[in-house]
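Dropping the structures in below, format is structure tokens.
Both complexes shown next keep subunit A, but they swap its partner, so subunit B is in the first and subunit C is in the second.
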Partner chain A sequence: MITLHPKHPFKAPVDAECISPDVFAEKSAKEIAALQIWEGNRKRTLSGLFKIKHENDSSSKEFTIRICGDVSKVRKIGAKMSKGNIIVEGDAGMHLGEEMKGGVITVTGNADSWTGSMMKEGTIEIKGNVGDYIGASYRGSTQGMSGGKIIIHGDAGYEVGCFMRKGLIKVHGNIGKFAGIHMRNGTIFIQGNSEGRAGAQMISGKIVVCGHIPSILPTFTIDNVRPKVKVNGEKVEGPFYRFIGDLADGGNGKLFVSKTKNTHLNSYEEYL
Partner chain B sequence: MTVITGVTCPVCGTFCDDIELVVKDNVIIDVRNACAMGAAKFLSYAAHRSLKPLVRKNGELVEASMDEAVEKAAKILVDAAYPILYGWSNTSCEAIRVGLELAEEVGGVIDNTSTVCHGPSILSVQDVGIASCTLGQLRHRADLIFYWASNPWSAHPRHIERYTMFSEGRFQKSTWRGYLSRLSGGLSRKRLQRAVNLVLRRDIFTTPEVKRRMPYSMFQKKRKMVVVDVRKTRTAEAADYFLQVEPNKDYELLQAMRMLIRDEELDVDEVAGVPVETLEEVADIMVGCELGVFFFGLGLTMSEGKHRNVDAALHLTRDLNQRTKFLIMPMRGHFNVTGVNIVFTWQTGYPYAIDFSHGYPRYNPGETSVIDILNRDEADASLIVASDPVAHFPRKTVQNLVKNPLIAIDPEVSPTTLLADVVFPSAFVGIEAEGTAYRMDHVPLPLKKIVEPPKTCLSDEEILRKILQKVHKMRRNQN
Partner chain C sequence: MDIAIKNGKIVKKVNAKKAKIIDALGMTVMPGGVDIHSHIAGAEVNSGRLLRPEDHVNDVEVKTALTRSGVGYSIPSTFTTGYRYSRMGYTTIMNPSMPPLEARHTHEELDDTPMVDKATYPLLGDWWFVLEHLRDDLIEECAAHIAWMMTATKGYAIKIVNPGGLESWSFGRNVQNLDDPVPNFNVTPREILRGLCKINKLLNLPHTIHVHTNNLGKPGNYVTALETMKCVEDLAEGNRPVIHITHCQFCAYKGSDWRTLSSGAEEIAKYVNHHDHVTLDMGQVIFTDTTTMTADGPFQYGLYNLTGNKWVNHDVETETTSGIVPFRYKRKSSVHATQWSIGLELALLVKDPWKIYMTTDHPNGGPFTAYPKIIAWLMSQVARKKTLSKISKRARRKSLLPSIDREFSFYEIAVVTRAGQAKALGLTQKGHLGIGADADVAVFNVNPEQVDASKKYKTVRRAFKKAVYTIKGGEIVVKDGQIVKPVFGKTFWIDVKTSLPMEVNDDLKRKFREYWTVEYENYPIPESFLHVPAQISVKAEI
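Let's turn to the complex of A and B:
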């Protein structure tokens, strides 16, 4: 196991694509210390910005990187990783686990926007809140998250699962607007409230909102009322209104919304 | 006294090119054809300006030589680990090109004012694509004009006159006579109402408001204008039909329109405060037109949903093109904001929010856009060109901007220049300096030099070149 401690608080953004078990596993301690990293427009080495500690950890077979301290300005931690573990004890920066292909990332604090964007496999677990565009695509691209799991114990921002193609995003807290926009497939499970416009322009996939939602987009149509819904093999107790949409895009996505928490949607029942 | 014709107006995105100026002894004494904004700029541009470079010493801005100011500015930029270079929409393409070179050299983030106006439109265009054309095409052919969440009567005063309703096109006639008769009819009705009320001493015209039907003019075979906005603006008063949408509900309305033009039914009776029957009538008018156009403004790009509102508008245009011909165009604000997007794109591949910190261009608005960088307090120096962010950015953003070294290049005295550490007074481009700018429909037009600038005021391009040369020299010495 390797433990990293930031040597000083960062002001300019730090681009640390090299902080990945795939990169560290193949290198000696000296090579790891000399890994190149960007702080603003200055080239630094990993040992210049972080105190690096090598520990023998017999409890885990997987290569583990532990980062202790505030790395909220450090971007692309675990980008493109395919194996091993990263544990961030503090807040993590943008693009955490971008294009990740395997392994596990755990953050005890908050994570920033674009967490798990374009990820293909693996698991990201955030104990705190996250920013926008979780599991989304790069700007202008239609290839969002295509596999893996993102579990958020706090709240999530806007456009979670934008252009999502496969996988699961589970939010224990509340979520911002446009959850699952342009979603092609996969599942977004929201235990808290949604700010609205859930499933905008979705083509397929499943969004489950257990809390309150201010309104349903006019381009969704009511399908039926379900007593429970299945999410990643687990049964979630309802009842849920099941909407189909987004019809403006010829979509066939399923939007499940708690019936008991959304009595203002009763008027839809006249079409059942 | 000389009369200069065919002058382009360096104010709004309509970028009128038919201005005539009367010049006497190097002073503009009269302006013809311009709107109030254009005339005010040409006649009183020099009222509040500084003439010499300023450098902050012991907390006060004091006059300095050009060489001293350039030296200080270059040092600030070379020493910075993450500088931002912002503004650019009110200067020439030639100056913007030098600015990009400077950003690359100092490894900074270069961004323009689209980041706080039509940046979301650009994001949507990258996602969806855009069906657009030049304003000349619309002037001659468009028979259905939509101004969605924009108010050209106030913000682009000659847009309606030159390119849409009041312009005389080859295939579409001007409707200004109809507008005048409607206006005088409305005034007569009000006068009559007042007279009758005075005579009878009671208000006999106060009748319960009836559900508004689509006016007869909307079914006539002539050019029609529809305004969609949250309030009845001056443009809405001039329109054939005004659709009032609830604030922050444009996305729902646009998506619902997409369903209706495909003859699909909605489960709801009302969308964004508009009854579905009304929307169905509007959808019929849209599908029945020969060539329609959406002009959209900041009401779409800066309200709830931002680029997703534009996303829906672009999709609606795409869907309409399966039934008829429809085009869409953003109502750009500054006279060269389109130009800055074009120059940025041809030089780097990206239209705004470009990060050169790694030596090559990277783009991700939200991460590399100036407002977000300042809100996260990541920048450690700034160069502001032809813009006034201190007056327009949010308070927290401004606090983070001014606590670091700030360089301003601006012909005018503004809150930004007053808080800067180095100030370069420049020549007014389009009046005292020539160059090129792009109209909102991506047509490049020349900016003319009408009068000589004060001897101490160089153009933005010349000042930037001096800073760039100094930066080159300092970096060579460092290496």
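Let's turn to the complex of A and C:
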């Protein structure tokens, strides 16, 4: 196991694509210390910004990187990783686990926007809140998250799961606007409330809102009332209104919304 | 054989003791490449760049001591465009579609495209004044008008895109054939084509009319392409071409819908082989992710409906339209694979390489950086077979390629990539290494006398990817595929001398005031606006 402690609070964003078990596993302590990293527009080495501690940990077979301290300015931690673990004890910066192909990232604090964007496999678990575009595609691209799991225990921001193609995003707290925008497939589960416009331009996939939602987009049509819904094999008790959309894009996505928490939507029942 | 260069020109002899000598023994020496049709600058290209951050993210060029940073891939930034062309030994690029209203923007970007000489064609086929003049059969007045437009926009040739169709598109319609009248103007595509072809001759413009046909990109459109060529057949004099059908692959489709799509290359090639008034360029499709952009608004709308991708559609006031749709050509799609096959069939079936030129209609068929691949396909049946084995089965069954055993020689490649294009453009000082030509030279690391391109197509592809030397205007600008000296290229523009000046009356000014966002007085671009202007004067017959 390798532990990283930031030597000083970062003012400029740090681009740390190299903090990944894939990179560390093949390198000696010396090589790891010399890894190149950008702080703002300055080239630094990993040891210049972080105190690096090597520990022999026989409890886990997987290679583990532990980051202790505030790394909310450090971007791309675990980007493109395919194995091992990263544990961030504190807040993590943007693009956490971008394009990751495997392994596990755990953050005890908050994470910023673009967490798990374009990820293909693996698990990201955030104990705190996250920013926008979780599991989304790159700007302009239509290739969003295509596998894996993102579990958020706090709240999430806007456009979560933009262009998502496969996998699961679970938000235990509340979620911002446009959850599952352009969604192609996969599942988004929201335990808390949604700010609305969920599923805009979705083609397929499933969004489950267990809390309150102000309104359903007019391009969604009510289809059914279901007593429960399956999320990743687990049953969630309802009842739920099931909406189909986004019809503006010829979509056939499923939007499940809790019936009990959304009494203002009962006027839809007359169309059943 | 030695090629002597002095003061940016190729000369008979120089003092060998004082001269810098480049030993190109065992290499291929060609004139600098000329691209007759490549969308590299202007409002449309720039909108494409803005539309596609995902196109740039994985293709970044870092700045060096000599070059600027930039991005690719299908729509590279201006400087990167210049560098990439130069690295492949190209020295002259034609930007084929410029709405006259966007001329200023286009020239600003062309000025920022280093390393190459360039020029741009204003879109005149759906310009209101042209339509009105042609409706009233005022050919000479229209010619005077276009002469003014060439000077005002610093243009090089008359570009016609989907004649009549673009004006119709402004009202949500399109024209279906050459005799379908344009709404509100009562003029047909045939009249537009013939009128502008006559005007092109009257003005003695160095290039012919540059035509993107009606019904482009629709199954069964090879008939329209043939009709378009036939409609100006009688205007030809001798064996001089009078019409250039651009990105011909996109208008060589047989069939009634996408399922039954097949190649019309044979029919088009047959016609072109028997007639001298037509030149073509390929518009070859490459299997890659690219960005389609044309002034053909209705075509782009169709493409958007087909793909459901993000898109841009624009109505450039009274002049033209435009559209942009990102597109991915897939090997396993029978339509895309058939398109790929048609492009090559055209090039191989047209017997005379001076009649068809190599382009991808960058970036519509694919980025220009794929040219070495096309060269390999043209030169080697093995290379074609290899790609054929990977494409959709249905497309493979329909393809004519297995029945064609023609393989281009190095000489023919030199024709389709430079000499032919320069000749079609009327650029007498480009595309050859004769005395008096501009000293634009490309040296490639492949020995044409020893390398059997048919088998060693990979060697050829590698060689054309990176020129050993690119010499531009007598200066070494690229060495071993690296830029060693950044230079500005010239911008060619046509100054047409007419005895009959355009009539500037109050009616014209009123129209500008009422219909354009730019006043008549602010419309022309002064020569001083261009970084390195290169005026070409021609004397018109009016």
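By our rule, the second predicted complex is superposed on the first by the 272 of 272 C-alpha atoms of A that agree within 3 Å, B and C clash if a C-alpha of one lies under 4 Å from a C-alpha of the other, contacts with A are read in each partner's own complex, and residues count from 1 in each chain.
In this text, a residue touches a chain if its C-beta (ideal position, glycine included) is under 8 Å from a C-beta of that chain, and two chains touch if they have at least 3 such contacts.
Please read all numbers here as calculations on a predicted model, not as lab measurements.
Colleague: Once chain A of both complexes is superposed, is A:Arg139 in touch with subunit B (first), subunit C (second), both, or neither?
Modeller: A:Arg139 contacts both subunit B and subunit C.
Colleague: Output check: A:Val257 vs subunit B and subunit C. Expected answer is one of first, second, both, neither. What do you get?
Modeller: neither
Colleague: With the two structures laid over each other on chain A, which partner does A:Thr219 touch: subunit B (first), subunit C (second), both, or neither?
Modeller: In the superposition, A:Thr219 touches subunit B alone.
Colleague: Touching A:Asn41 in the superposition: subunit B (first), subunit C (second), both, neither?
Modeller: first
Colleague: Is it subunit B or subunit C that touches the larger share of residues in subunit A?
Modeller: Of subunit B and subunit C, the partner in contact with more residues of subunit A is B.
Colleague: Kindly list the residues of subunit A that each of subunit B and subunit C touches, one partner per complex.
Modeller: Subunit A residues touching both partners: 138-140, 142, 249.
Colleague: Any idea which subunit C residues touch subunit A in the complex?
Modeller: 51-55, 57, 308-310
Colleague: In the complex of these two chains, what residues of subunit B are touching subunit A?
Modeller: Residues 80-82, 106-108, 123, 126-127, 251-252, 255-256, 258-259, 264, 266-268, 271, 304-305, 308, 311-312, 315, 356-359, 363-367, 376-380 of subunit B touch subunit A in their complex.
Colleague: Spell out the residues on subunit A that touch subunit C in their complex, using ranges where they run on.
Modeller: For this pair, the touching residues of subunit A are 137-143, 249.
Colleague: Contact residues on subunit A for subunit B in the complex?
Modeller: Those residues of subunit A that touch subunit B are 11-13, 15, 38-42, 73, 75, 94, 113-114, 132-133, 138-140, 142, 177-178, 181, 197, 200-201, 217-222, 246-249, 268, 271.
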